[in-house]
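Next come two complexes built around subunit A: one with subunit B, the other with subunit C.
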Partner chain A sequence: MSTRALEIVATWVLAILWVSPLVYAVWTAFHPSAYATHFSLLAPWTLANFAHAWEAAPFARYFLNTTLLVGVVLVAQFALCTPAAFAFARMTFRGRDTVFALVLLQLMVAPDVLLVANYRTMARLGVVDTIFSIALPYLGSAFGIFLLRQTFRQVPQELDDAARLEGSSLLGRLWRVYVPLARPTYLAYGLVAVSYHWNNFLWPLVITNSVTTRPLTVGLSVFASTDQGIDWSIITAATLMTSGPLLLAFLLFQRQFVASFMRAGIR
Partner chain B sequence: MSIQHPLSPIQTGAAVRLVDIRRAWGSAVALGGVSFTVAAGTFCVLLGPSGCGKTTCLRIVAGLDQATGGRVEIGGRDVTALPPAERGVAMVFQSYALFPHLSVAENIVFGLKARSVPAAERGRRLERAVEILGISALLQRRPGQLSGGQQQRVALGRAIVAEAPVCLMDEPLSNLDAQLRADMRREILALQRRLGITMLYVTHDQTEAMGMADQVILLRGGRIEQDAAPADLYATPATRFAASFVGTPPMNLFSLPGETAVVGVRPEDMRLGDAGLPASVIHAEYLGADTILSCDLAGQTCLARLPGRVRLEAGTPVLLDFDRNTLHRFDADTGTRLS
Partner chain C sequence: MRRESLWAWALILPALVMLMAFTHWPAVATLWDSLYSTPRGSRPPVFVGGANFRDLLDDPVFLTVLINNAWYAAVTIPASVALSLLMALSVNTALPGRSLVRMAYFTPTILPMIAVANIWLFFFTPDYGLFDQILSVFGGGRHNWLGQMSTALPAMMAVAVWKEAGFFMIFYLAALQSMPPDLAEVGRLEGSSRWSFFWRVTWPLLMPTTLFVMVNAVINAFRLIDHVVVMTRGGPNNATNLLLYHIYETGFRFWDTAAAATMTVVLLVVLAVIAGLQFGLLGRRAHYR
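Right, the complex of A and B next:
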């Protein structure tokens, strides 16, 4: 068998492995519980599972919490990473390279390592069990700074010179030249950030303990825990519901996302 | 799409004066004390080979680069410490530096917006620039959709709307093909004449300098070799380098028996005669109106520009002759001209 054929087979196997949980979830969610482990082409379709799931737990509130969380994190990250990245890319000041190395060092620290330390900090600040406390450790992002710095460095110096000569201030140049030219990077990075924080589980689980602050992931895990009884049809319906918006966005904007990723250099 | 004939100047230029400008990066000296004056409304070309400091010089005038020593004056005002935007200069960059995310119209008025010029005034200036350059059809396009020549026009448009008394250009034609370059050369010159602005134009191409300039400043290794009108630069080069840099083909420089100085003869002053220096033909290049004959003159290559078609086989012995009064003489050690 040629390498090419082997590659095709491997691709199919991996693709099927990857998509099978999703396929199972779709199957189970749209059929009555009786068919959860019983496949039949004649099985009746239903939306009842979604209705049950929606009523069984405050998903609307969880949706709101997650949206708030993701929105706050995204806005703060853009607002904080942009000036930092610009300073690292285009300004000269003492200790710039050392500070940048420290920022890069932060990339190597897995966030989960800091779980306890972060909890203590939040407790001292008195903000435990708020949406703000979920977001706070993530408001600055080393990855975002690094990515934007690389993008800003690729902006031709002559464009900066031209804007300077035309009378643009430092902030004017950042806003009118650098940020618009880095749009693909913002899009790609925004996507990574949104999906990461939409799916983040461990830290929100630790820091929240009420309905008004829990994001979708934690809400779903509470909903699916054993003491509520396990009904796969309802659990998969809830899962599809919570991951639905993200999935839909990916499918709709697939082409732009891939293009942005290629241009931003994230693969 | 061509620029209209010179009318009376609409705005006025300002004189530019550099006094002992120095620039060094660590121990590397880019400019070692450059001083010159460009009168208001003059087309001045900074000419020189790459690395001679001409672009550095321009960037220092613009304020994009800081000199390590010396003074820059524009219109009699010391601008050495002023930021670029307050110096009253416009600039056209080698890459055109058009903002790829803005339309042509937005690119042209970018600076006016940054300076909060009222919308009505912006519109008036844009209209005037567009009319001068003939780019009304391109206003809504993005720079990426334009050809090199069109991008060049947009860059010129941005310089025009600034209505600055001094315009700086950094090798603006180097990215265009030969035909377009010749056209744009005429247009830029006509534009400068029409607007009456002072132009500082950087190039390494001596034909551009000869064809456009009122004043040529020839730089080499961060120093001025010669500051003169093109005709004087050609007729009386001040140094051996100036003699060899200007002219196509460049001046022949060789030593003659019994002469301590290096002598120079322009190829067009050479002729084949019955008497003269014995040489042998290396190659004859026929160019249509004339023929460039390369000869071996006692181990030195010597070029002669002869009218019409000259058919001579390689190796043919010839006698190279010239009038004594066309001879240029340079000091063998310092390279300076001997009168």
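Right, the complex of A and C next:
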């Protein structure tokens, strides 16, 4: 019995160790700079660091940019991946397996790796430094197609046949039978996609160059490297602020988040 | 049948065009570029054959970067996989405050890597960063964690493991929870110790999950370099320079597109080898289809 107690203690120690960087960041962000590295239970709490950060850089604009980016990606991915996944799941045509294998290649070679060539494509299209250009390489998503195909394949064929007998067209069946049944997959995929693109950094760093297009991650890095020098309280406040919405959403919908990531990962 | 074919292609085409335009085409273009010289001013690119690859082999920075990335992968992959398994096993039992513990493990994965990098940059600060403060209690001196050749790369590895382990834990947890409970019952009746039960039953059953997690860890080891941009910019003296970061610098700070393309080809080959291994190891398992 005592080994069990020991295990419980060890688990808790690891958990506390794991979360302590975050706790420390929260401490720093909510206290005056003087207490950034100096702990005291009597230290006054403050929101001044957040106010400073908010004023020192156009974070409101960055929030807007990121929201737009995530919105565009999400809508376009759903619109593009749904029909493709349906065709791969429920239709027969020559070359299907070859094309599907080509699609899956993207799981390994993400657009992130092909920065230089994609930058040139954007330059040719004349869309460098636009929110659209951040989203563009990710709109056709192998991951989304794969996940939805798996879900569509599990829809009972009888439902499809019944709708067909009632005279539903192909698109009508996709829209009224398949999409509603795949709702949990859409939720799972949506959460994964939102957190991926909210957090994405390298490609936006390369392709954006101005306040009106920069997403939060790039804005934060510009802010932390140039504007603030070494005031850690303000930098930490900005850091928490930019990841705040996602973190808050996670804490509120923890169960759905975890279930979604699990669903998205089992493949 | 032909009508159905036409429909199918019509449904697939929009997504396929986007995929081809930003994954397949740039991959082919990169291969092409690696055989040409970098255009400079009015001088157009010239076909140079394998010269870019030969130059790469003579470039000491490139070799350093490759070795760094190999070390980085060799440490972060097993460390985060082992930790994630340990976390999953510990959370998969009746435990007081179980959901809190799970949350503590998982929360770092929700943060952007760039936010993680900012937070840890502060911890690694000499003198008044968290680590030096803790060490000073035990009489330790001042450490320039990110500024020293010997500690900079290990510091980056720690950041990556912290960010990643909780994510992989989720997949192990899913696998553990789908295991039939009577298995553990049989083990108990047999009187086998938990240690031997784990190695004889649990670990083999987790193999598909381990492979899946490993592949993701490998991809991340070569793809996720946000923290390098924020924390060290590859320094000191290239001690934390990783392959993709070097490509980024070569392509966008020195505008040597031929060299960047050549290194991207190397990266693509690495990823292709991993994809091949995944296909060989996972291909026949029910896991995929």
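Odds and ends about this structure:
The working rule: the second predicted complex is superposed on the first by the 236 of 267 C-alpha atoms of A that agree within 3 Å, B and C clash if a C-alpha of one lies under 4 Å from a C-alpha of the other, contacts with A are read in each partner's own complex, and residues count from 1 in each chain.
Basically, contacts are C-beta pairs under 8 Å (C-beta built on N, C-alpha and C of every residue); 3 or more make two chains touch, one makes a residue touch a chain.
Given the structure is predicted, the values throughout are model-derived calculations rather than measurements.
By the touch criterion stated above, A:Gly172 is placed in contact with subunit B alone, subunit C being left untouched. In the superposition on chain A, A:Asp161 contacts subunit B only, with no contact to subunit C.
Of the two partner chains placed by superposition, A:Ile234 touches none, neither subunit B nor subunit C. In the superposed pair of complexes, A:Ala53 makes contact with neither subunit B nor subunit C. When subunit A is checked against subunit B and against subunit C, the one touching more of its residues turns out to be C.
Once the two complexes are laid over each other on the shared chain, residue contacts for A:Leu181 go to subunit B alone; subunit C is not touched.
In the three-chain superposition model, subunit A touches subunit B and subunit C at no common residue. Interface residues of subunit C facing subunit A in the complex, by the touch rule stated above, are 1, 4-5, 7-9, 11-12, 14-27, 29-30, 33, 86-87, 90-91, 93, 95-97, 99-108, 110-115, 118-120, 122-123, 125, 128-130, 133, 162, 166-167, 170-171, 173-174, 212, 219, 222-223, 225-226, 229-230, 244, 247-248, 251-252, 257, 260-261, 264, 267-268, 271-272, 274-275, 278, 287-288.
Interface residues of subunit B, counted against subunit A in their complex, comprise 62-64, 83-85, 89-91, 93-95, 97, 99-101, 110-111, 114-115, 158, 162.
Interface of subunit A with subunit B (complex): residues 156, 158-159, 161-169, 172, 176-177, 180-181, 183.
Here subunit A touches subunit C in the complex through residues 7-8, 10-12, 14-16, 18-19, 21-22, 24-25, 28, 36-37, 80-81, 83-84, 86-88, 91-94, 96, 99, 102-103, 105-106, 108-121, 136-142, 145, 170, 195, 198-199, 201-202, 205-206, 216-217, 220-221, 224-225, 230, 232, 235-236, 239-240, 242-243, 246-247, 250-251, 254, 257-258, 261-262, 265-267, going by the rule given at the top.
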